[in-house]
Amino acid sequence: MNGKLVAFCCERSGMVAWQEAQANGGLPAELEVVAVPCAGRIGMVHLLKAFEGGAAGVMVFACIKDSCDSLRGNLHAEKRCESTRAILRSVGMEPERLEFCSIAPPMGAEFSEVVRTMMEKVSSEEREG
Amino acid sequence: MIVGKGKPVEEVVAMVEGYDRILVVGCNSCVAVCMAGGEKEVAVLASALRLAFRAKGREVQVEEAMTERQCEWEFVETVREKVERAQAVVSIACGVGPQTMARKFLDKPIYPGINTSFMGQPEEIGVWSEQCGGCGDCVLDEYGAVCPIARCAKRMLNGPCGGSQDGKCEVGNDTDCGWQLIYDRLKALGQLDRLERNVGPKDWSTDRDKGPRKIVREDVRV
Amino acid sequence: MTAQEMAKPVRKPLAVPEKVPATQRVLVVGGGVSGGTAARMLLGFGLEVVLVEKGAGAQPFEGQAGAELLTEARLVGLEGNFGDFKATIEAGGQIVWRTVGAVVVAVGVRTEPAKEVPLAITLTDFRRRMAAGEPIRNVCFLMDLEQSTPLAEFSLGLQFAFEAAQKKTSVYFLCRDVKVAEEGLERLYRSAREEGVLFIKNEARPTIAPLAEAASIQVMDLSPGAGSHLSRLCLTAEVIVVPEAFFPSEDNPGLAALLATDLDTKGYFQPANVRLAVGRTNRRGLFVLGDCRGPSSVAETIERAEATAQEIASLLGEGEKKVDWPVAVVDPEKCAYCLTCNRICPHKAAGMNLEEESAVIYASACYGCGLCVAECPSVAITIEKFSDAALVSSFASGGAG
Amino acid sequence: MSEAGEEKIPEAAQGPACKSGSRLEMLLARGEFVVCGEMAPPQSADGSLIERKSEYFRGFVDAVNLTDNATGIVRMSSIACATLALKQGLEPIVQMTCRDRNRLALQGDLLGAYALGVKNFLCLTGDHQCMGNHAQAKNVFELDSIQLIGMVRAMRDEKVFQSGEEMKVAPRVFIGGAENPFADPFEFRALRVAKKAAAGADFIQTQAVYDLPRFEKWMEMVRERGAHEKLAIIAGVLPCRSARGLEYQKEQVPGMSVPDELIRRMKAAEKPEEEGVSICVETIARLREVEGVRGVHIMPVMWERILPTVVEQAGLLPRPEVGDEE
């Protein structure tokens, strides 16, 4: 693992929140952001590839319930995260390394908080592991 | 189509534990469409296997391949090169696929990556239901094209059992009562009289009960 | 496939049309307050309007050019997509076809009047009279007659009472108790009082007698501070309004299926999604307005109809629409024709190309969300900007090996 | 459908006046209002349990049903229990389900049971195994109850096996079937009785009756088809000990109809067991009034010792002897 964090961000919510968080500063250098048109675009394979590529933690930022432009895109994304977490468990990795997060565009502070928590989680895993 | 579902990843990991070069082969036919053994599932399983071995501190080579239809010799042949490179193959085609591979690649261990379940149809995204039992002697004509063998938990041919309530079967899991469906359908068709007749015991020799089945078409064969 | 392999673009991106047609004609189904308002505004924007009305009459059109009124008519089929819908309409026993760029559905609700009250009209009738601008000197709302009036209808009554009071009508509002158990109701109640609505607590069925041009209503006022214990009140009102119960039309499920849109759990065309406010639906170019989305006040109804007409006018542009949004494309070579995209697409943008034996995504209807791309079992659908390659490129270099 | 054609039931199937000579048959033929009871076989190899339980049945019922792995829970076999019951002077009704046996096993068991002295057989499809304690089992269900009835009748009346081959000595048995008037689709429920009559059933035992209006409606439909004249309808009753027991049946047992009023009565009762008996006795009294009901089948699930009380309070004692003349 290379300690990277990957955040898949819906263009309509996660990306906006990320921009705000970035403007406020304090996001770790390890964070890589991948823009998607809707969280529903993300497949299990992309999440696993992120881990294969060395990510220590992966986050999916989707629109909050009942405000997804593609109606159910956020729900699909959440389900795929659940299934991917199950795979992580069965391959002997900590499912907590993958986080699904509902976020609204102006929630920059919350974005930073999720990233910070993930950062702490993975570094404590590294210490224990 | 033939419907199946991926085996738990840990089960597959346990099957291929000792190998260093593994090939995961999917099938572009039924199992691709039912989201169990297509290109995406091959990629997911291969990725999961790599991560699993990496977590155990082993770098294992996991290759990916697709066959058009894994139940056919000619298509299986298209992945020969990759099969020969691998020490073991995980097939995520229906149960026919691994067997076709096993007969083609005699020295290669082939492991199944999905549980093949039934012949059925997609109800909605993510839901498939069994529709045909492959009994070898179709009775749909009598039952308004709703199969009592595949869709009644007790394969009853003369009407519903006493466990049918509010359209649901006694086995639970929100299973529809096949006989309620038959009844509703024949009622709508104005053919309820079909159900008045006593149907005698079925000849099950066309089913699995006469041993492995084979269809020989003399009109086609030369 | 390794992430590096995946990151390599395998084939040339398939062509997305630069422009899609935008027929300058709008189909409006339902000629009530919202349908009529939208139709008049659309005409004002220079668009043609085909108004399909179930009944014999509809809101007046003032004989504007470009307006076609089909009465005793209903929509029986809708093919195509935004900019180029093909509507099949049954009008007076004849089938006619119209090509339209957008569709507005405003079919109203089914109402059942409360227990018959002599000389009374329903909330819907009252709203119609207000919308028509009829002067009303005084009105008496009778709520909670046989049983407690449901909240939705009660709040409508309150809204109309307030709106009537604003127009200088004197308003009596009789109810067992003022219901405020919904956001905004408390405020509405206070505003109504400020506007001069007279609230009277009443539990018995009032006696109503006809006068020359009004009715006299005798009630017991039970409001605190209404005199000794029981004071008998005699009111005179030109109009008596009783609530009716609102139900989504029985036609809604069939109509929703025809339009390829969704109903809420109650059976209204109300998407549970904040992004679909005003009159929007899951489909580009399809709008639903008025009470068939759930009963609403006159002001709100008109406001939404106007906003929607504006949105349609800007959507339809001038005959062609530049495709400036991301669009998913199907590779017919790879497509297994399994219809997964068709089932998963929330915008109903995925159809079947029978000749190619392949799925097809209509650029005009696609929002480029990628749900189909994520789920396509054959990996046959791509969105250029958001290909698998693009999604894994940032970490592909991270060393999968 | 090519092979499984319509079953032709020859005239001979109407049978002689006496088909089996079983006590149940004789009493029904004489026009007696019969009483059957259900005994649950032991969940162990302890055959003495049958001996002990027989006390509750001897002299109180005309015939006793021995269930066949009912609800998919393994118990001592019905045939074995029936032979033990015979030794206790009881008239057994062997229950046979299609869940665990194919046509070979069913025919073989029928011949064996008859040779051991059993004369009454209740032909059932059987509860699905997933309801019991061996949900992992593979089921058989290659015949349904109606086909089983037809098979037994053909063995008795035509002396033929299902294969069409003949046998020298036919099992002269009295054939029963079951029906649940409370399951769906309701319109089918009387037709099933008619089909069972056509297949050769001599009697029908029903699911426990709580919902009398629905039972009466069903009987009316049975009478419309004239099925009640071709076979004897024996209505099921289940004495219940507690309100919880009733609620369980209402909510958990598929195809049961329990009116809320009965649950309220049980809840309000100071002595629920007595109330349960009263409800059962009242039900029996009302069932006796229903045209075409020829007896009752008492199923005292987990409460077999109450059976004598129910029979006595229902005024159904003494039970007639076969030799008796009225």
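Residue numbering begins at 1 within each chain, and the chains themselves are lettered A, B, C and D in the order written.
In this section, contacts are C-beta pairs under 8 Å (C-beta built on N, C-alpha and C of every residue); 3 or more make two chains touch, one makes a residue touch a chain.
In this text, all values refer to a predicted model and were calculated from it rather than measured experimentally.
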Between B-C and A-C, the pair with more C-beta contacts: A-C
Central chain (distance from its CA mean to the mean of all protein CA atoms): B
Distance between chain centroids, defined by C-alpha means - chain A, chain D (Å): 62
Geometric centre distance via CA averages, chain C-chain A, whole Å: 36
Chain C and chain D: spacing of chain centres that average the CA atoms, whole Å: 59
Whole-Å gap between the CA centroids of chain B and chain C: 44
Where chain B touches two or more other chains, by residue: 40, 43, 50
Overlap residues in chain A, where contacts from two or more other chains coincide: 43, 45, 49, 52
Chain D residues counted as touching two or more neighbouring chains: none
Chain D-facing residues of chain B, complex: 137-139, 141-142, 153-172, 177, 179-180, 183-184, 195-204, 206
Chain B-facing residues of chain A, complex: 43-45, 48-49, 51-52, 87-88, 90-93
Residue ranges of chain C in contact with chain B within the complex: 1, 6, 336, 338, 340, 343-344, 375, 377-379, 400-401
For the chain C and chain A complex, residues of the former touching the latter: 2-3, 6, 271-275, 282, 326, 344, 346-347, 367-371, 373-375, 383, 385-386, 388, 391-392, 394-400
Touching residues (chain side chain B, partner chain A) in the complex: 8-10, 13, 40, 43-44, 47-52, 55-56
